[in-house]
Amino acid sequence: ADKVTLQLKWVTQAQFAGYYVAKAKGFYDAEGLDVDIKPGGPDIAPEQVIAGGGADVIVDWMGGALAAREKGVPLVNIAQPFKKAGMELVCPKDGPIKTEADFKGHTLGVWFFGNEYPFYAWMNKLGLKTEGGPDGVTVLKQSFDVQPLIQKQADCISVMTYNEYWQLIDAGYKPEELTVFNYSAMGNDLLEDGLYASEDKLKDPAFEDKMVRFVRASMKGWKYAVDNSDEAAGIVMDNGGQDENHQKRMMGEVAKLIDNADGKLDPETYERTAKALLDQKIITKQPSGAYTTAITDKAIK
Amino acid sequence: MSSVTPRSWQAVAALALLAGALFSGPLVTATPGYGIATVALIFILLLFAIQMDRFPPAIAATCLFIGAHGAVWALLHGLAGNEGTARISFFLLLAAAWVLAWRCVALLSSLRPAGKWARTALRLIIPAIFGAWILILWEAITRGAGIPFILLPPPSAIGARIANSLPILAADVRQTIFKAVIFGYVVGSGAGFLTAILADRVPFFRRGLLPIGNMVSALPIIGVAPIMVMWFGFDWQSKAAVVIIMTFFPMLVNTVAGLAASGHMERDLMRTYASGYWQTLFKLRLPAAAPFIFNALKINSTLALIGAIVAEFFGTPVVGMGFRISTEVGRMNIDMVWAEIAVAALAGSVFYGVVALFERAVTFWHPSVRGG
Amino acid sequence: MTGASPAVVSASKLGLTFSTNDGPVQALTDVDLTIGKGEFVSFIGPSGCGKTTLLRVIADLEKPTSGTISVNGMTPEQAREKRAYGYVFQAAALFPWRTIERNVALPLEVIGLSRAEQAERIKRTLDLVNLSGFEKKYPWQLSGGMQQRASIARALAFDADLLLMDEPFGALDEIVRDHLNKQLLELWERTNKTICFVTHSIPEAVYLSTRIVVMSPRPGRVSDVISSTLPKERPLHIRETPEFLAIAARVRDGLHAGHSYED
Amino acid sequence: MDSFRDKLIPVTSILVGIVVVWYVFAVILNTPFQRDLDRRANVTPGVVEFIGKTLAQPKPTLPAPHQVAVNFFENTFLRSVTSSRSLVYNAWVTLSSTLLGFAFGTALGIVIAVGIVHVTTLDRSLMPWIIASQTIPILAVAPMIIVVLAAIGITGLIPKALISTYLSFFPVAVGMVKGLRSPELTHLDLMHTYNASRAQTFWKLRVPASVPFLFTSMKVAVAASLVGAIVGELPTGAVAGIGAKLLAGAYYSQTIDIWSALVAGSVVAALLVMVVGIAGRLVDRAMGGRPA
Amino acid sequence: MTGASPAVVSASKLGLTFSTNDGPVQALTDVDLTIGKGEFVSFIGPSGCGKTTLLRVIADLEKPTSGTISVNGMTPEQAREKRAYGYVFQAAALFPWRTIERNVALPLEVIGLSRAEQAERIKRTLDLVNLSGFEKKYPWQLSGGMQQRASIARALAFDADLLLMDEPFGALDEIVRDHLNKQLLELWERTNKTICFVTHSIPEAVYLSTRIVVMSPRPGRVSDVISSTLPKERPLHIRETPEFLAIAARVRDGLHAGHSYED
């Protein structure tokens, strides 16, 4: 079988269930692939891993991928399993922030490490300065948990619909006690989990074919996971996921982002993402060739 | 007495590398012509190198210095526009130049100049050359082999980034070093020291506190940092708390060992004066412990920096060296990451150097300082 | 024996056994000794016979394993805490991080003298041992004999009523030694101190002492105690008088008896 | 064993003290969140009930000692040691790379110290760069190291151990430079008069003289090595080990898990430091060390 | 002067100045000295006059700042590298982590003797200095004099042709000293070693030496060189002969001249 190494962007969790399912259910085998799934972590940059030759394909957010492309690692989006973004900003209702107009002078928790672009794009749109002071907002680099809200260190914090949000619920907040600013709902979302491979390698037809098979099997995995979410969560647990209940819930939420599981990139969202990145000078020129629909076209007929 | 060593091995090695380079063809795939000048330059200097033992070391070292660095400059200069296409001969020439620079450093370290200034200059020049070559090799390899920028940028790019980002770097240094590191270092080292004294003074604590002090030793930053952020907020106080925990243990262990280091006869002498605990401590045991205590201060000077930076990976205001590093990694601005690392290394070295100077002044009597 | 004066040191059936990795070492056995106030007692005996150990027991630096000992009517520990004695160690034991003058100042700092008084005592005692001019040097910059003199100066500066001196003049030449002997005698007469003095030189012992304790080794014990019949006033040339030579001969005999080789 | 009993009472009484303080802080720190909860739930419990609740939160700011103890006990004794949830298993994963890294680190530190003490060129040129190397924040470069090593085919235990090595060689190098230079000058002179070779002076004089410095440094190094092993677990996918437990705990705010992993780490650390300490004392004894 | 035999040590206009925190110290000035093969030369002089420094220069432990010196016709460094001499330091300088026998074995290990030969030499030299039975003890378990004897045993075990001894018998009592003096003379006669010997005892210097170098301090220099007219065969009682006393008197005069206080 052909070997493929997949580097995830985060630790093993239902966020990546499709790949684990495809592997566990033998979808990869069926395509003649031997896939090695490498979990990520807070300080793994999949872009570096692929640049160093440690992976054939990575799960990445578009911001990071385009930035890396401009820095000489020619990443190409070959599929986009997540159609919608899962990131949102939540604020407790008993706090000072109820609407966008209340942000001024308050502290907001933001994830960095490449996840801060949607936030800055949004603030830009609102015309709010992010250097603190009474006329702007104070930005706190948030750890990847919900403590800043519980400790009242921030007035709002970033969460993923499929993960940290539920930790708040677990911590005793009721959904009706939280104000939610969902980036997708506001139209401020940037593309999240997509599959990226190296442009150079894609020129090789054999590799391209391998990717076609990989994407096909992966999307099949996603479809299965969406349809059998409890079983999928179980598979994630078998691969080192934590907290079964939580994974089940996560799978349910992730399913909402997957949509129809065709993995096709929506060019409109792509353009919006690229523009937002340009506006924030994360990248300096309009990217070209940063995505291809060839793979998904061949994979999903 | 050059009669003992026939010729320096470096010259022989350089010659061999050069021959290898000549046989393995052009330096880069793109422009085959480039490099002849470099080869010639190295070759001439090699002749010098071989004859070198005839010259006074100072002159030979100067020749080598100019030669090796001139050659490598030519090598790097020719690389512009040809990144990633260097061939084996390029690296052989690079190695040849390196070996000559090595010889240069060896010659320089054998010099024993009479003047105070010359000695000071040498003390600075030798590590500088050594360091310069780390950077040169890094530059030549990253650019020559075309290592992806986001894996490891060449030093020239990092230098440019430092020059362009001075205000940001300054703000980060202020946040991380002048607030978290210094406070944490002083309090952490102080606490380790006082705990050691307490344990020494009260046998009950000695038996009870030391095993528990050992447990503090490995509280991993990654485990502790989130907790500290929880307790002390996301600003510098929580980073200082992490630094305190990290620096506490080396000081505790070293002070305890140092307090046992004074001689028996000296302790007996203080007993004959019916000297109290504190007098014996200050007049005998602490001075005798000074080499150990300075050991801890030196180790802590680097630990404190690592601790503060790493702690900033967890929850910070949007300024600070650790914040910048983790953020810029996400933005693929690896040059900025290395710019911060370079600043950290510089700050750490200065910090360490200051501690080492104090050590020399305070423990001038210790054989390790007196005798070399 | 100057039985009338109160006993400064009084030992009875004193014994001390060190336990070492290869068995116990009897450093002292059955030592009975009383030293009165104002006496000058020399200890003499072959190397390893327990002289240093005995001095250390008096100074509470070593605990006896049998017998009893009192110093100034107290336990050695209490006496030490009252700063009853000054001690000159067999090796100089100077602190390398202190200059000579700061080394001499050490005990004075411990007992809390004023700066001025410290300075005065430092000057006086360094003069006495002929080290003026070396105040600012560090110990390793001094010759062996100079280091030893500095340590004597340190003990004299301490100025206790009981002086325990362990071969203080071992590393000094005859002339410095004569000089210091005279100085010590003068000091003793002037201040009525009690002095316990370990030496290897028979003439020195006879010249200085009111009593000479001869010790012998394995196990360490007192083999003879010789009271001097010399007058308190002792010019150097007393060392050629028959009386002097007679005492010296007796000491030498005692010493010989303690040695294993007779040749 | 006598010394063991000597230690037992002080250690336990200090531990009891810590536990008491810990409880007090647990109540204090958990109070704000509990009050929020109660307010949202519209209940007003009595003092005792309230304190009870602060000590029984599922994700407390500061878990109460008994919560940690229960978690620790369950994860240590009630799980099969091969389960990935067993603390014993995770501690073993961390311990193995700690020990490997510590061995490398001690060896490297000694080699560097020997080089610095014996080769003028190294003394002059190397030390500043070693210092500089230590100021590089390990968490920032660890991922790159792991990537590079993975690219050349090195994975598994070694990359983690190398991070331990990186952190642990430095204390040893610094301490050993000091220690190897600490022999008395007369002792060096003595060896000089024998025209002893550098190797002989090294083995017969410098090494024995450096022993107190070595063991002190090794205590610091073994602790640093453990920290390195834990750090190294993160960028290697955090699949197993104390670091992985910490990380997983942190992501889900499972503070009790974090604390019991911390306790496990501390226990391992204390044991390692103690082992080094005992080894030091045995060596000192074998070298005729005089009891204090 | 035994001018005919080849010079073992030959110094001319030798000078050494230490620079210290408070100014330079002239430890040696203008020392001219030739020591022939098989000589036994004693150095005597007030404390701090440069005896140790001179021995250290010969041993290549200190570099002269002026003048020249050769040892066995080579530079001191070359001579040291040829292991031309054994050295007894003024302080015992035993390694605290070695037992007495391992301390004596140290130089033997360095020159690479077989275990058996080491054992033989250790036994012989420890017997010589009367330390049998203490082989397994650590230095701190020995008395001061025993430590010094161990260090003498260590130098004797090394068995070089030139022996440099810095006050080797300083901490020993008269009887051990006499014993060791005799042993040393015997050894010297038997092996035709050259010996440079620092002492503070005038009789010891006269009894042992073929030549006595008297030194005086500030700046350290040679003030007198006295050739002994005593026969090579020297029973202990030679020390009462008029010839002996005459030499001793001359040494004493030289010594007095070097001292500042004449009383």
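For reference, chains read A, B, C, D and E in written order, and residue numbers begin at 1 within each chain.
Assume a residue touches a chain if its C-beta (ideal position, glycine included) is under 8 Å from a C-beta of that chain, and two chains touch if they have at least 3 such contacts.
Every value quoted in this text rests on a predicted model; they were computed, and no experiment measured them.
Engineer: Chains touching chain A and chain E alike, please list them.
Structural biologist: Output, common partners of chain A and chain E: D.
Engineer: Give me the chains shared as neighbours by chain A and chain D.
Structural biologist: Both-contact set = B.
Engineer: Which of the chain pairs holds the record for C-beta pairs in contact?
Structural biologist: B-D
Engineer: Note the rotational component of the Cα superposition from chain C to chain E, reported as an angle of 0 to 180 degrees in steps of 5.
Structural biologist: 180
Engineer: Please tell me the distance, in whole Å, between the geometric centres of chain A and chain C computed from their C-alpha atoms.
Structural biologist: Using C-alpha averages as centres, the distance is 85 Å.
Engineer: Quick one: chain A and chain B, Cα centre-to-centre, how many Å?
Structural biologist: Roughly 38 Å, centre to centre.
Engineer: What whole-number Å value describes the gap between the mean CA coordinates of chain B and chain E?
Structural biologist: Taking the mean C-alpha position of each chain, the two centres sit 48 Å apart.
Engineer: In whole angstrom, what separates the CA-based centres of chain C and chain E?
Structural biologist: Spacing between the chain centres: roughly 27 Å.
Engineer: Multi-chain contacts only, two chains or more: what residues does chain B have there?
Structural biologist: 151, 226, 230, 264, 313, 326, 329, 366, 370
Engineer: Would you mind listing the residues of chain D that make contact with two or more other chains?
Structural biologist: Only 61, 139-140, 143-144, 147-148, 184-185, 234, 247, 250, 288, 290 qualify.
Engineer: Give me the residues of chain E that touch two or more other chains.
Structural biologist: 91, 138, 140
Engineer: Which chain pairs here would you call touching?
Structural biologist: A-B, A-D, B-C, B-D, C-E, D-E
Engineer: With touch defined as at the start, can you tell me which chain B residues reach chain A in the complex?
Structural biologist: Contact set of chain B toward chain A: 148-151, 226, 229-230, 233-234, 312-318, 323, 326-327, 329-334.
Engineer: Where on chain E does chain D make contact in their complex?
Structural biologist: Within the complex, chain E touches chain D at residues 56, 59-61, 80-83, 85-87, 89, 91, 93, 95-99, 106-107, 109-111, 138, 140, 158.
Engineer: Under the touch definition given earlier, write down the residues of chain A that touch chain D in their complex.
Structural biologist: It comes out as residues 11, 38-45, 48-49, 52-54, 94, 143-147, 150-152, 167, 170-174, 177, 240, 242-243, 246.
Engineer: Quick check: in the complex, which residue numbers of chain D touch chain A?
Structural biologist: 32-33, 36-37, 40-41, 58-59, 61, 84, 139-140, 142-144, 146-148, 150-151, 234-235, 237-239, 247-248, 250-254
Engineer: Please output the residues of chain E touching chain C within their complex, sorted ascending.
Structural biologist: 18, 20-22, 25, 44-48, 51-52, 90-91, 130, 136-138, 141-146, 149, 166-167, 170-177, 179, 182, 200-202, 252, 255-256, 259-261, 263
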